[in-house]
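Let me begin by presenting the structure, written as structure tokens, before commenting on it.
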Amino acid sequence: MNCNARHKDPAAYPGGGRTMGRIVKSVRYAAVLLGTVLALQSPVTGAQDVIRIAEHRSVRLDALRTLVPDIERELGIEIRVVEYPSPALDYFTKLVTELRSGNAPDVFTVPRDQQIDDLAAAGYLADMSETLAAWDGYEALAPLARQLAKATFDRKSYVVPSILAVEQLYYRKDILERHGISTDQPADWQDLLDRGRAIRDKTGHYALLFPAGLTWGTGAYTEGFRHLLAGSSDPLLLSDAGRYRLRSAGVRDALEFYETLIEEELTPIEPLLSPEPWIIPKYEMFPAGELLVTTCGTWCVVFDWGPNSRNPIPDLEQRVATWDMPGKHGGRHVMAALVYGWAVNQKSRSRVRARQVALRLGSVDASIAYATGLGNVPARLDAKEHEGFAALVHLHDAHAQLTRASAVQTTVGSSTLMAGVARATESLLTGREDAAGAQELLFRYVSNILGDEAVEAAAR
Amino acid sequence: MAGGATVESAASQRRGNLRAYGILLFISFYCAVPFLWVLVASFDAKPSQFLRWPEDVTFSNYSNLFVNESGMLWLLNSVVVIGIATIIVLVFAGLGGYALSRTRAWWKAPLLYAIILVRIVPPPALIVPVYKVMLTLNDGVNATINAVVSDPSQALFLSRIFSFVDGYLGLILVLAAMQLPLAIWIMKTFFDAIPVDYEEAAALDGASTLQTLRRILLPLALPGLAAAGLFAFISAWGDFLMPLMFTSSPELQTLPLGLFRAFLRIDRIDYGFLTALAVIYTLPAVIAFSFARKFLTRTFSGGVKG
Amino acid sequence: MSRIELEGVWKSFGDVEVIKGVDIVVEQGEFAVFVGPSGCGKSTLLRLVAGLESISKGEFRLGGKRMNEVSPDRRGIAMVFQSYALYPHMTVADNIGFALSLKKIPKPEIRKRVEEVAAILRMEDLLARKPVELSGGQRQRVAIGRAIVKRPQVILFDEPLSNLDAMLRVQMRAEIQRLHQEFGSTIIYVTHDQVEALTMAQKIVVLQGGAVAQIGAPMALYKKPENAFVAQFIGSPKMNLLPAQIERAGGDSCVARIGMQAISIPARAGFASGDEIRIGIRPEHIRVSKNGQSDLKSSVALIERLGSETYLHLEAEHEPVVVRIEGDMQADVGDEIGIVFDRVHCHYFNRSGSSVAA
Amino acid sequence: MVGMTLSYEARKQLYLRLLMAPALLLMAGLIVFPAFYAIALSLTNEALLGFAARDSSFVGLRNFTRLFTDPLFWNSLKVTLIFVIGSAVIGQFAFGLLSALCLRRPIRFKAIFNSIIVLPNAVPEMVVGFIWISMYATGEYGTLNRIVGWFGVEPQQWLFSFPLMAIIIVNTWRGIAFAMILLTSGLESIPKDVYEAAKVDGATDRQIFFRITLPMLMPTIFLYMFVSTVTTFAIFGLVYTLSRGGPANSTEIIGIYIYNQSFTAFQLGYGAAVAVVSLVISMLIGVFYVRALKVKI
């Protein structure tokens, strides 16, 4: 197969002149096109500072857009809202790659407090300590919010808290009552599991959902694992030296709890392995009464099952109620997380203005606007004095819980930790590992990536 | 079924033809059905994710494209980015293919083998190192811009254009680079078939190298350039990985990324807008492919074999 | 002005030496033909003259001036390529006028000169066509037109007729000679066809293995080949070469042995007893003996009858011998025939192939 | 002045070096250098998050030890192998050959069949993902579910229950045209008189196909296998838009695995280590085929 022979005699080539003319013409069109596109990129001229804010998810975008005109007026700046992809993974990927390449927007949110350490350690976040200290709203913040806004490795604050997610166990009160299953606060894990077995046996439906698996991403840790760890026999994830204690008895307890759920078919497994694992259990099974207890945050009553959701649960207040998460050997706790705290890009060209914007977004009216859309609670305790708060009836309880809410402390490497938890729980879901194997998998994964120095090697 | 034009009895011929119709109908069904939804939904006033016959047929999804700023912007971005990348490929591959065809040097054969190997480097394997390379270049570019320009909005504008990450320049160059190995091969084999006599005749006629290139070689190479350009265009136009890696600003998004991101707005997907845009996005590739088809065999056998 | 001198010219591609020390002079206005079998370096030599290849060693002078480093377009040389190399995307007129257009000569002037050339080559009606629409002979003419429009001092032809059929070839030969007479340019013409060389050249350069085998006027080469290679290369059918051994030297004549038979040949200064030589004689200089007196006995292997002449392919002492006879001759394959050599036209070549002078 | 003293040939060779420089530089800078740079990166803990994002450090072969003990890596290799064999070697080839053979028969509507079969090949990856998500849509209104419904099959969750098969079907769909076009030209290059000679010798259609057509088609098949293996190995966008490697890594082909490790787990060093392995594999394939095809240059 000699290629040369296949080409036609070049002498047979028809005409070049016309083609040349066409090329010249199309070059001219191209120039016009190029001009148009460049014009669309052209900077808005004017003396005003332009602050770019990254925002994602349509509810959040809507909330932000209502706030922007006021902020622009108050601060005398121009704000450009940059829409980011909604799925949490895509948002974070885009944010991190942009922060690394230095072209991220001036102001953005950090979706979960656990991510602050990793972002700050990488040098992406501007230090907000002084700004916050000088801020009149700082003292009004829930203490937990103040604590979670700090990075563990340098104790500096990196975000302006806006809202908190208060997470508890949500259960279908109506169905439990109908089947005569107790709706009392479970005393300990055993009690909770027994309640689950009763649900399974009496209703034939799935009892308990603790997010798990790779596709749920960070949720496997934040919405599942940490609730268990916090109530385990050894709830501390970090050693005094700030190393992860992954071979602790607490981690084993949490994974064993998952193992029990899976082995006894108390939790749906297949949906957790699907691409968007939350859709079936949370948006379909729970409203349909096929799943009766799940961990969730305050957002669930708005976002997942509220009147505007995909599958609204009518008379939500009567049908759905909450328990605190019990501890393994008694005790109970409410988990909270600092979500969507406002951060400033360390490489921002106008950091001073950006800090002002971030603070302004931490104000009560801004956080109430967000809280309304998302179903989270404002991070500031003085929010309840705000006129908009009265309308958020379903959040009042949760807001009141803030003072007793807690969180599991993580440090740099938390994204690896969360990925490790996702893998460990995935291995339980697929039945590849038992709890001990999953724990070892978690340990190996994290130490492989973060290095042995970041992980406590000792078994206990 | 094997012979094609050989003598067969009428009955067995008919039987064979029937079987051929059956097979072709099945394969055509397989190939065509997935398109139905995107086509039908783009004319549906209330489109959804499912294929259904529209109750109201409308062209507004298409006319909206011209109103909807982002759709138009993605399209323009695609045209500009892929257009410039294709032109770069044509110029570089045209010159490079010619040079490789005519070079006499001991390293020519090793170089050509190396280009074959470069051609089969899987792009996903390059994303991390390319990303690092682009980051380094990007830091350089932006440091320069910040040093030279003080006005932040102007600096932003310049960095949009010249940045290697999230800028036109980087995306264009990386797209062009990925298409180059194949294009160079096409041009090299094409020039191999053009006798060197033309250039020598031109040299004796007193033409300079540039004149020879412009007045003799360029017209002769147009069919080869057409093939190389079409393949580069199709491949770059459809590429998803590079835009995913190297663009993030909405102002820079090209069609594949824009569509994808719009598709990720799970709670608010405008299927009419997306399907119409997807149809528009697909058309240039289909048209280019219908032209490129006749080059396909030669290109791939030529690209791998000399 | 356009005397071509090649002095001690060498050309190598990497380790391969293609031209090995060539000395050639072509006088102004002379029609020189470089001839030789393929691979002898004749085309390379032409390209060295054109400037398309660089000379590795030695000097090329044109009109007395060293040209080694002068770029092709500044040498005042035009070339007609074997493939014609007509630009396929240009019309005939554009092809011919291309060189002029590069020199920024005004368009009317170009048109005038193109039309002149077209008139000379009798192809006025072809000017608007593209090369693809032309026959082989017409393309050839355009290629020549493209060369002469520049009014070059020297025109180089690289096997220009090899793509034409026999009829056209004869016609174009005459045409090229006519052009040469009309323009008086110096011409170097490369061919592997010795008939073209003999019919067209004023001077023939026979090349062999990158070196000059002999230079001279056509008939000089025909009549006095300096070596066995030239002797066999020039002339058709080929000269017969019979290996022989000098048996007795000295005096006015000596005896040479061909196989089992002996033949007397004139003595030459270079001959010594026991020398192995080859006796060269052209087919037309051999007679068939009619009286039984013969130099060599042979048998008929094949008879080619062409009407006006007959070629006898004989075998003598296992060596082939071709004899040309006017008219027809009665003979059959296998007949024993005695042949007689015309001693005046015999050539003698020593072991190294050089002609042994009288 | 240098130009004046250089001969035409030398000057031309010099120009040629200049002319090829831009193309070679661009490829060297954005393909060849990165490919080698990947090796260097794979020996570090380079990351996009945490302290390593600011100062990465040399970690030796740690990424590789992790890689070879990581079940997800082996899973990804296995998935890639099945994907390549299922779609390129079997699916596209079988349908492509069938189409090519059928279209050689004296039948009507050839041009229509031809264009329909060729159409998917030209569609951009993103749109492929887009339209097949609709094909595979769950519930009774999903297109594929309705089609299988004609045969009494219950609605399926295609991308969940048969994820790998689902993407193989999509990639097969996309590549039939390339196989068909290449094999058609291969069939055309077989001289007719060979068939006629075989007919005269009394060969049946079956014998002709297996003893004449197939052997004489082998060079084309080999070439096709090379090009399609290499391109399928490099697929990214199609799977990314359809499934992103899920559910539960069941469609995580090597390209997706690299991306996920590098840009959702942010472990650039580890991603580079996987990239090095995939580069080595594709280079081995390349060298094997270059040898086997006796590439002439």
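Chains: A, B, C and D, in written order; residue numbering restarts at 1 for each.
Everything that follows uses one rule, which is that contacts are C-beta pairs under 8 Å (C-beta built on N, C-alpha and C of every residue); 3 or more make two chains touch, one makes a residue touch a chain.
All of these numbers come straight from a predicted model, not from anything done at the bench.
Among the chain pairings, B-D comes first (most C-beta pairs in contact).
Distance between Cα centroids is largest for the pairing of chain D with C.
Rounded to whole angstrom, the centroid-to-centroid distance between chain C and chain D, based on C-alpha atoms, equals 58 Å.
Separating the centre of chain B from that of chain C, both taken as means of CA atoms, is a distance of 55 Å.
Centre-to-centre separation between chain B and chain D, using Cα means, comes to 16 Å. Taking the mean of the C-alpha atoms as each chain's centre, chain A and chain C sit 89 Å apart. Within chain D, the positions touching two or more other chains are listed as 8, 263, 296. In chain B, 131, 195, 203, 219-220, 245, 301, 305-306 are the positions where the chain touches two or more neighbouring chains simultaneously. Shared interface positions of chain C, defined as residues touching 2 or more other chains, are 51-52, 71-72, 88-89. By the touch rule above, chain A contacts chain B in their complex via residues 1-4, 6-7, 10, 13, 16, 19-20, 30, 33-34, 36-38, 40-45, 49-50, 57-58, 82-83, 85-87, 90, 94, 97-98, 100-103, 349-350. The touching residues of chain D, when paired with chain C in their complex, are 4-11.
Note for the complex: chain D touches chain A at residues 45, 47-54, 59, 62, 65-66, 69, 71-72, 157, 159-160, 189, 219, 243-244, 246-249, 263-267, 270, 296.
Across the complex, chain D meets chain B through its residues 8, 12-13, 15-20, 22-24, 26-27, 29-35, 37-38, 41, 46, 95, 98-99, 101-107, 112-113, 116-127, 130-135, 137, 139, 141-143, 146-147, 173, 176, 178, 181-182, 185, 187, 192, 195-196, 199, 205-206, 208-209, 212-213, 220, 223, 226-227, 230, 233-234, 236-237, 240-241, 254-256, 258-259, 262-263, 268, 271-272, 275-276, 278-279, 282-283, 285-287, 289-290, 293, 295-297. Contacts from chain B toward chain A in the complex involve residues 73, 76-77, 79-80, 83-84, 87, 131, 134-135, 138-139, 142, 146, 151-157, 159-161, 163, 165-166, 189-190, 192-195, 218-220, 222-223, 245, 248-251, 261, 264-268, 298, 301-302, 305-306.
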